[in-house]
Amino acid sequence: MRIAAFRRAHFNAAHRLFNPDWSDEKNREVFGPCSNPNYHGHNYELEVKVVGEVDPETGYLIDLKTLKDLIKEQIEDRFDHKNLNLDTEEFANLNPTAEHICHVIWTILRKHLDERYELVVRLYETPRNYVEYPA
Amino acid sequence: MRIAAFRRAHFNAAHRLFNPDWSDEKNREVFGPCSNPNYHGHNYELEVKVVGEVDPETGYLIDLKTLKDLIKEQIEDRFDHKNLNLDTEEFANLNPTAEHICHVIWTILRKHLDERYELVVRLYETPRNYVEYPA
Amino acid sequence: MRIAAFRRAHFNAAHRLFNPDWSDEKNREVFGPCSNPNYHGHNYELEVKVVGEVDPETGYLIDLKTLKDLIKEQIEDRFDHKNLNLDTEEFANLNPTAEHICHVIWTILRKHLDERYELVVRLYETPRNYVEYPA
Amino acid sequence: MRIAAFRRAHFNAAHRLFNPDWSDEKNREVFGPCSNPNYHGHNYELEVKVVGEVDPETGYLIDLKTLKDLIKEQIEDRFDHKNLNLDTEEFANLNPTAEHICHVIWTILRKHLDERYELVVRLYETPRNYVEYPA
Amino acid sequence: MRIAAFRRAHFNAAHRLFNPDWSDEKNREVFGPCSNPNYHGHNYELEVKVVGEVDPETGYLIDLKTLKDLIKEQIEDRFDHKNLNLDTEEFANLNPTAEHICHVIWTILRKHLDERYELVVRLYETPRNYVEYPA
Amino acid sequence: MRIAAFRRAHFNAAHRLFNPDWSDEKNREVFGPCSNPNYHGHNYELEVKVVGEVDPETGYLIDLKTLKDLIKEQIEDRFDHKNLNLDTEEFANLNPTAEHICHVIWTILRKHLDERYELVVRLYETPRNYVEYPA
């Protein structure tokens, strides 16, 4: 019995979009106000989807309390109330677009999740703009 | 023209998580407060997804009023304002985890839905914890 | 500078509506399925509103982290994953209608909140049914 | 690195469901109050999903500002505050069911979106009734 | 013990804004696309607030099932899937702005609600535009 | 006929909480991670409430399009995609707590709103933490 289970979490962070290979002018042209050198920020909302077989003893795909704790330790503690560009090693040299943040979160969680599970991460930058990896 | 149509519904129920093959201590250890012998409860939110071909005469995949009525008769009337463990035959001998409730709902609806439709059921136990079958 | 600050929280509980002075028949007649002897349950959503003067040093009306912790200790730990009728002293002899639960929560928080603050509690039993005390 | 990006938008419109090959009686029988000759209306909520490879220079799958503008020009300006049956050529001869509106929006956006992207459109007629194309 | 209880409901309707004392040009100037002669529409979301004393026998301010039924009979059955301008006597000669619709709903409900209750009606025309009467 | 009309808007910004009269240690102690020197951020959601008499000619309390444009010009253009501490004169010397931001927004809008209207501003820093001025 193959099923998906989802857990939502959130973190608040500052960032700016910036490509160091480009001039400030080009950054402004491509990224607009998202490239503000003094940063802006978001309430990031995270949906973590895990897929696999239900355990016949517990009736659980995964203990969502365990998944909640994993997200807390690996994602919220790392990114919440941080400046993604300045305070994290993940985005020291990587442009923190929603696409990249989503992929980074997926990569971190993937390492800590038993390989019998498939993993999909959806990241809401705002209620109207969001991304999902893998597609 | 293959499309998906969705209908949302909800029901309020009490339950407890419990494996009768285990001691009370082990149930408490694995299921934590969800195993409270006096039960707790949820506002379950249900999303029913139906997939198939649009009828060229009506422009409908399925009359959502018909789907709404089916969900009302088969799911809401069965589970709303009930204690899943005590008041339903489906969970008399099945641990009412979100995964199992979702699968039971899918199985019931599957029997009443024309076989030309695919069916996917998503069940929200809370706005932050939810499951989907099949994955 | 008088302002209001709000904090939301939630807890999941089972309950039944029941007046011990009435026959089972009358309870069923008045409370309908809400009087199911085996209980049903809800995801209760709580909105706590505090009103007062902003502290000129902090710029806070109240530290919302402090309010969050107070709600966690006094309300969530008391009611979450509980059967309100069986597991709590507050509702051992009080019918757990949304109105009464809201008033009980207000009374508990009032005792722990500095008297310079006004307090209003809103309780959602479902997204469509909710109450607020005081009115 | 294959990813999905989503953008939400909305428009408010009037419509009626009607098959001109049928009698008024049959229209009323099949479509019920949705066939009211004087129309009714909805706040349509639109979710546009685009799938493809992230651009290594920008870190974007697609500039969501560009997608927002495309939806504004091609969908909102066309359908917002319109009577779908009377004011649009798309539904002059096509029954404006949610399924058909969703397919029409997909077809319009598909023409304006670079072919390296996959496209999925979800249309909410109400928060409880919605469709998605392709399935 | 004075408390407020709330019930939410919804209806879908078409309307246009129009002042018959004005030219078409002036209507278009003042009301913009809301004055489209062929109508547009909304999913109206309604919040009904009732204030009064809790009944010591039931623990209810008001039976929300009764309030739900009253809203169904008096408001939903009257306005749902209707063209407010053409299909209702209330707006035959009254411009159906959100303000007027809200006031009309308040007036209808007021007649059917026991005078021991205060009544407040909030009407959402969209999730971002809404009104409340009385203020 | 006295009524309230509401309009919602939003802006995304970075900020840090900081009292320059205090040591870094005390700032960290009082404001916790909200005092991160590199900033963090939020999707601020704004609810603007206007109260007054309905205009008998238009049936409007206020043209919500006008209110939307006012919020856009005076609030969104000023604060969206900004660092509140570094990029705005309003918070150059004022700690950008939710309480202060809400009061600043009220003060700006008050200057531009006809004095026949009352004004209330609610500001959501997150869906669970929000403030309202005046209370």
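Before moving on, here are some points about what is shown:
Order of writing sets the chain letters: A, B, C, D, E and F. Residues in each chain are counted from 1.
To be clear about the criterion, a residue touches a chain if its C-beta (ideal position, glycine included) is under 8 Å from a C-beta of that chain, and two chains touch if they have at least 3 such contacts.
Source: prediction; values computed, not measured.
Listed by label, the chains touching chain C and chain D alike are B, E.
Shared residue numbers account for under half of those found at the interface formed by chain B and chain D, and the copies are therefore classed as meeting with different residues. Here the repeat of A-B among D-E, A-F or A-D is A-D, since over half of its contact pairs match by residue number.
For the pair chain A and chain D, the CA-based superposition corresponds to a rotation of 120 degrees in steps of 5.
One simple way to say how far apart two chains are is to compare their mean CA positions; for chain C and chain F this gives 29 Å. We define each chain's centre as the mean of its Cα atoms; on that basis chain B and chain F are separated by 41 Å.
Annotation for chain A: residues touching 2 or more other chains are 127.
Every pair of chains meeting the touch criterion is listed here: A-B, A-D, A-F, B-C, B-D, C-E, C-F, D-E, E-F. Chain F contributes residues 1-9, 51-52, 54, 57-61, 63-65, 118 to its touches with chain E in the complex. Looking at the complex, you find that chain E touches chain F at residues 17, 19, 21, 30-32, 94-100, 102-103, 127-135.
By the touch rule above, chain D contacts chain E in their complex via residues 10, 12-15, 33-34, 36, 38-43, 80-83, 86-87, 126-127.
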